[in-house]
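Letters are used for the chains, namely A, B, C and D, taken in the order the chains are written, and counting of residues starts over at 1 for each.
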Amino acid sequence: MPEQLLWAAEAMMNGLMAGVLYALVALGFVLIFKASGVFNYAQGVMALFAALTLVGIMDGQVPFAHLINAVFGTEIHHFGWHVPAILAIFLTGVVMVGLAIFIERFVLRHLVNQPDIILFMATIGLAYFMEGVGDLMWGSEIKTLDVGLPQGISETIDEATYNWFGYGFFIDRLDIVATIIAALLVASLTIFSQYSKQGRALRAVADDHQAALSVGISLRFIWVLVWSIAGFVALVAGMMWGAKSGVQFSLSLIALKALPVLMLGGFTSIPGAIVGGLIIGVGEKLFEFSIGPLVGGATENWFAYVLALVFLVFRPQGLFGEKIIERV
Amino acid sequence: MLYREAGDFKTTYVEDGQTFPIKFDRIAYYILLAVAFGVVPFIINDYWANAVLVPFLIYAVAAIGLNILVGYAGQVSLGTGGFMAVGAYACYKLMTSFPEVSILIHVVLAGVITAAVGVLFGLPSLRIKGFYLAVATLAAQFFLVWLFNKVPWFYNYSASGQISAPERTVFGIEVTGANTDAWAKYLVCLIFVTACAWLARNLTRGTTGRTWMAIRDMDIAAEIIGVNPLKAKLTAFAVSSFFVGIAGALFFAVYLGSVEVGEVFGINKSFLVLFMIIIGGLGSIFGSFAGAAFMVLMPVLLKNILVGGLGWPTDIAAHFELVIVGGLIVVFLILEPHGLAQLWRVAKEKLRLWPFPH
Amino acid sequence: MKLKFTALAAAAVVSAAAPAMADLVFPSLSYRTGPYAAGGIPFADGYADYFTLLNERDGGIGGEMAKVIECETGYNTEKGVECYESTKGEGSLIYQPLSTGITYQLIPKVTADGIALHTMGYGRTSAKNGKVFSNVFNYPANYWDGASVAINHLLDLNDGDINGKKVALVYHNSAYGKEPIRTLEELSAKHGFELTTLAVDHPGQEQKSQWLQIRREKPDYVLMWGWGVMNQVAIQEAANIRFPMENFIGVWWSGGEHDVIPAGDGANGYKAVTFHNVGSDFPVFDDVQKYVVDAGKAAGNGDQIGTAVYNRGFYAAMLAAEAARNAQEIAGKSDITAADMLKGMESLEITEERMAELGMPNFGPSFTVTCENHGGPGLGAIQQWDAAAQEWSLISDFAPSDTEIIDALVMEDSMAFAKENNIEERCN
Amino acid sequence: MSAQAEEYVTEDGRKIGGVMMEMKNITLRFGGVVAIKDISFDIREGEIRAIIGPNGAGKSSMLNVISGFYNPQEGDVIFRGKKRPQMRPYKVAQQGIARTFQNIALFEGMSVLDNVMTGRLTHMKTGMFGQAMWWGKAQDEEVYNREKVEEIIDFLEIQAIRKTPVGRLPYGLKKRVELARALAAEPKLLLLDEPMAGMNVEEKEDMSRFILDVNDEFGTTIALIEHDMGVVMDLSDRVVVMDYGKKIGDGTPDEVRSNQEVIDAYLGVAHD
């Protein structure tokens, strides 16, 4: 049935778009894991924190207003100004760099050479901490994020596909923008890591900590750098998702969407994150489209994991990994 | 010099292998058991039982279970919530299908069923390792929760999708349902905790424990010296899930009385139990208790201090609670990555020498 | 260090357990944190503000000061249990747990402890049957009423004939979300509309698949049982696919300001079922401004007054206060106990006159509670969102649900519960 | 092939029996790389058999084939007259083949005693349930095996460190603990992968003594890889020489020493 095929194609297109966003979040994980061996569970909360900060700055909210009011009995809420989106994004970027320095200074520096699981746990502690601080700073109600991103159906595509196939595809304009931004981000990150001095240092550290140290690369600088980049990636991800749902606690759960991508693509592979994201996005949408109605729907959450799991059982080295030769 | 081991010689291998080789520890342990069984049930009230002790004991069972898998066998799992749900739903189905059978048997059977499910989801561990396995167990977490939510048979087709524990008695004393006395709840959980801790201790100090630890420390070498990795990993999943299933069954039947799977056994539960064993100490039964105590008591204590004691608004207190718990976790990991159990060990070593440190 | 910890623990527990009687205690199990804080904050504010108003303006209820003990649950069942256990010893009269999970927890507990539980527009629907659920009340409306009221609205729109129309239900894939399905199935059999259900898994950030399906299948109407972030995303996605918003009806938990505002103009025309009035255009709010907000005693910033969920909390407090007043009359004393409160609730009568007296004319439906019927008549109305004015308004009167179908369902479910738990019917 | 008789008694009075294990035309590849190329040799009951060769000759791969860790693409492994099917390493261990590793592979998180006890896993028979109950069978078994292990601990003179976590031990002791673990299995065939690598002369002497004692007292057949030619020639009854995955020599130490190909390989004559 051609109609079914068209629908499947539409689901697939949307899956690809969703996949790009998953890839973006996964990218944040990969960067940090590559450079510091940390499985950063706080990535999702970083997205929430970044988006909260962005909205807070744009609306001129007073940080910790609720706390200050409760302690001093004052009634302050807003500075009364509105910061343009571009400037606010820049300022949020600065805050995320500050956060990276804070994390390096107070957490990572003290946990050098600890086992992976300890570092992983530390980031979970960090996630709690940042969630609490974010709430204290900006309040826990839902905030509307409007940085001027377009939303809604893209009529051009709708019309074009209608003329071609007799069925108009639905593509969200936000998704298109997100795809472009994500693609740009990935490209610039690749260029950065390939051609800049810091990028080379980054790759050196990813390859071998000890060797990198011995040729005079500052590990601390690299850590601050990757956490800053990851913070910025989180900001972009937070913006994309926040534009749709408003900025709220649930943003932090997008980390869960990135984990199957990591399994599929590998914790250390940037191309893996991208291709993995696309596979997961398309896979879960197609499954929900085809099998979902038969089993009652709402399958996307677990299907992504099961897909990655099955894939790994048959190919333990992941998407782009070399075949593992075990040695003793 | 109260706490010492000098002069406390072991003349047989049996004595050398016992759980508390130091006499002082042994006495302290028996006193603790005596107080837990003989004193606490008489002074416990609803608040202490429902808000502190019962959840602590149940989480301790779950933590022991997860510690076997993560701490002893080295297989990181984030599916604890899902496995607890299996225990809870198995217990519910058993309770409603065979009302004449004792609830205690149902709880144990729920553990057995969970063990079977655990083995099933443990199979990928033969091919997948480390964080990849951890993420893979999330598949179990999400799938199981989805399943129990989706298939009405599991909740007896009730309109609400909630499962509620009917009233059941042991020796004529109610242990589930609304009219259960605080002490009865407490005692049931205490019995299970004691039994589970004893079983776990026996398994981990003997052949099975060494098999698990060998797999954890170096799986390839373990296989070459004769450990069947399939058997070792799957038994770890089975035993771990058995305990986790018991914890889930108790959580549902004795502690909460009614649950909805997504809310109670969601992914947060998995992380919470993982927290417990890491804060408490991986590969330590004592650590499982310490971690459970820490994670159950800490929020209650903070809440009572901040809201009850200092009179802060509840939301600010709740936010601070997150900040403090998160901060404490990080501080703990920095100060003592091997958890409370290691802290305790170090303290004991200091005590041995005290007051003559040289 | 260890000593200090124990001492602190002891001190904390003592302070938690110390009874402070004499006031009328209304515990408020709120959630100002966590994923659902956006709904929890205004409700808790409204609940607290009403009692503050009574204390400040009237000197309490019947001369007794009302005391609200707030306890943060974070929408977490275990914390809810802790809250219940730590407050029940303080002479609490009525619990409003604000979460289906905690409600199920507390149903057996309050029954054993003899305290009233009021679950207004949530919780266990079949608790309406007072013969089985002695301590649980869910007036004035429950989920099944909500589903029926929504369908009634569709009947009104189509001159009473929705035969062959396609209705889709988008629901949160949880016990809560599944509540209306059974009722809708019965109604679909009765009225001949075609029902499709679309589950959205928690948390609901990603709903492309569901809305693509809606776009393909073009249902005439979409109903929603959403919660948390699912609401905002669903409304945004509906706007994205250009689904006509006036054909999109949410339950009351999908009908707050915070649910529609993030979608901006796209949300214009969206409807929701409600069992209480919206807006700040009531005389009582002038008093709130005067006695509570201006006096610096408001629970929140004071800017939530009139929002849908604030009003719901406010309304819940009003019903609780009225029940307490009724209980005082019956008991003939002002310092009532939890047992008196139960009697007060079981014979509660809310009339139009009484609401007008309270400065809240037409704030909710008028109804009476009896021993057999703890759920009232199941009256609901439809509210609609005006994106330009940024406000909800009622577009229908409070009208009854299809009691014929719902009562049968209530009976079936409550009887099953009674059988499972060996409960004898009362009120005979 | 070596020209010795089927069974004989060595000068120092040890009995060398018939063929215990025979490697027949073994070829092992990793992708395109050939690690072992068509090698055949045998190991006899009771002898000390050495495998030598320059770095990258494929010695360790050969040991891994024997212990079942690698499965050769071609060739047969014949153990005690029966062709061994492809089997997992733990099954090989259960047949009575134990080994040590080039880069020590001890269980760092466990004590010395526990490490050595793992060596006895193949002798533990109590089921899970029995172990969970502990009292009775499991405890008896534990004590019996503990006694066996204590014998080995005494034999290798590591009594003082039995409760020490392995991670804290110096290199030489770790090597000894690893030997203890392998011995605890009471193996029929013991594989030693560079037992003396990284040791000083004194430690080497100790280790050589242990190896000879093991062979002498328990009658254990030993196959070892070693770089130190002096040690190899002193210890072993027969030597296989490998180079670039091929066998270039096989025989008694004296025979091998005079083999021209071996001399070339060791003196680094260019391959043509």
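Keep this in mind: contacts are C-beta pairs under 8 Å (C-beta built on N, C-alpha and C of every residue); 3 or more make two chains touch, one makes a residue touch a chain.
Heads up on the chains, UniProt names are A, B = Branched-chain amino acid ABC transporter permease; C = ABC transporter substrate-binding protein; D = ABC transporter ATP-binding protein.
Every value quoted in this text rests on a predicted model; they were computed, and no experiment measured them.
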{"item": "Core chain by centroid distance, with centroids computed from Cα atoms only", "value": "B"}
{"item": "Farthest chain relative to chain D (centres taken as mean CA coordinates)", "value": "C"}
{"item": "Inter-centroid spacing, chain D versus chain C (mean Cα positions, whole Å)", "value": "74"}
{"item": "Chain B and chain C, separation of their C-alpha mean positions in angstrom", "value": "36"}
{"item": "Chain centre separation (chain A, chain B; CA means) in Å", "value": "33"}
{"item": "Averaged-CA centre spacing for the pair chain D and chain B, given as whole angstrom", "value": "42"}
{"item": "Two or more partner chains touched - positions in chain B", "value": "146, 150, 220-221, 224, 313, 315, 319, 322"}
{"item": "Of all residues in chain A, the ones touching two or more other chains", "value": "135, 140, 296, 298-299, 301, 326, 328"}
{"item": "Chain C residues counted as touching two or more neighbouring chains", "value": "32-33, 37, 41, 173, 199, 201-202"}
{"item": "Chain C residues within the chain A interface of the complex", "value": "32-35, 37-38, 41, 173, 197-206, 208-210, 212-213, 215-216, 228-229, 232-233, 236-237, 239-242, 258, 261-262, 264, 266, 296, 301"}
{"item": "Chain D contact footprint on chain B (complex, rising order)", "value": "12-14, 17, 199, 202-203, 206-208, 210-211, 213-214, 216-218, 220-229, 235, 239, 283"}
{"item": "Chain D to chain B touching residues, read off their complex", "value": "67-69, 88-90, 92-94, 98-99, 101, 105-110, 114, 117-119, 121-122, 124, 126, 128, 131-134, 138-139, 141-143, 146-147, 150, 181-182, 185"}
{"item": "Residue numbers on chain C that touch chain B, as the complex places them", "value": "8-9, 11-13, 15-17, 30, 32-33, 37, 41, 70-72, 74, 77-79, 81-82, 85-86, 88-89, 100-101, 104-105, 107-109, 111-112, 124-126, 173-175, 178-179, 182, 199, 201-202, 409, 412-413, 416-417, 420-422"}
{"item": "Interface residues, chain A side, partner chain C - complex", "value": "7, 10-11, 14-15, 18, 73, 77, 135, 140-142, 144-146, 151-153, 170, 172, 241, 244-246, 248-251, 253-254, 257, 284-285, 288-289, 292, 296-301"}
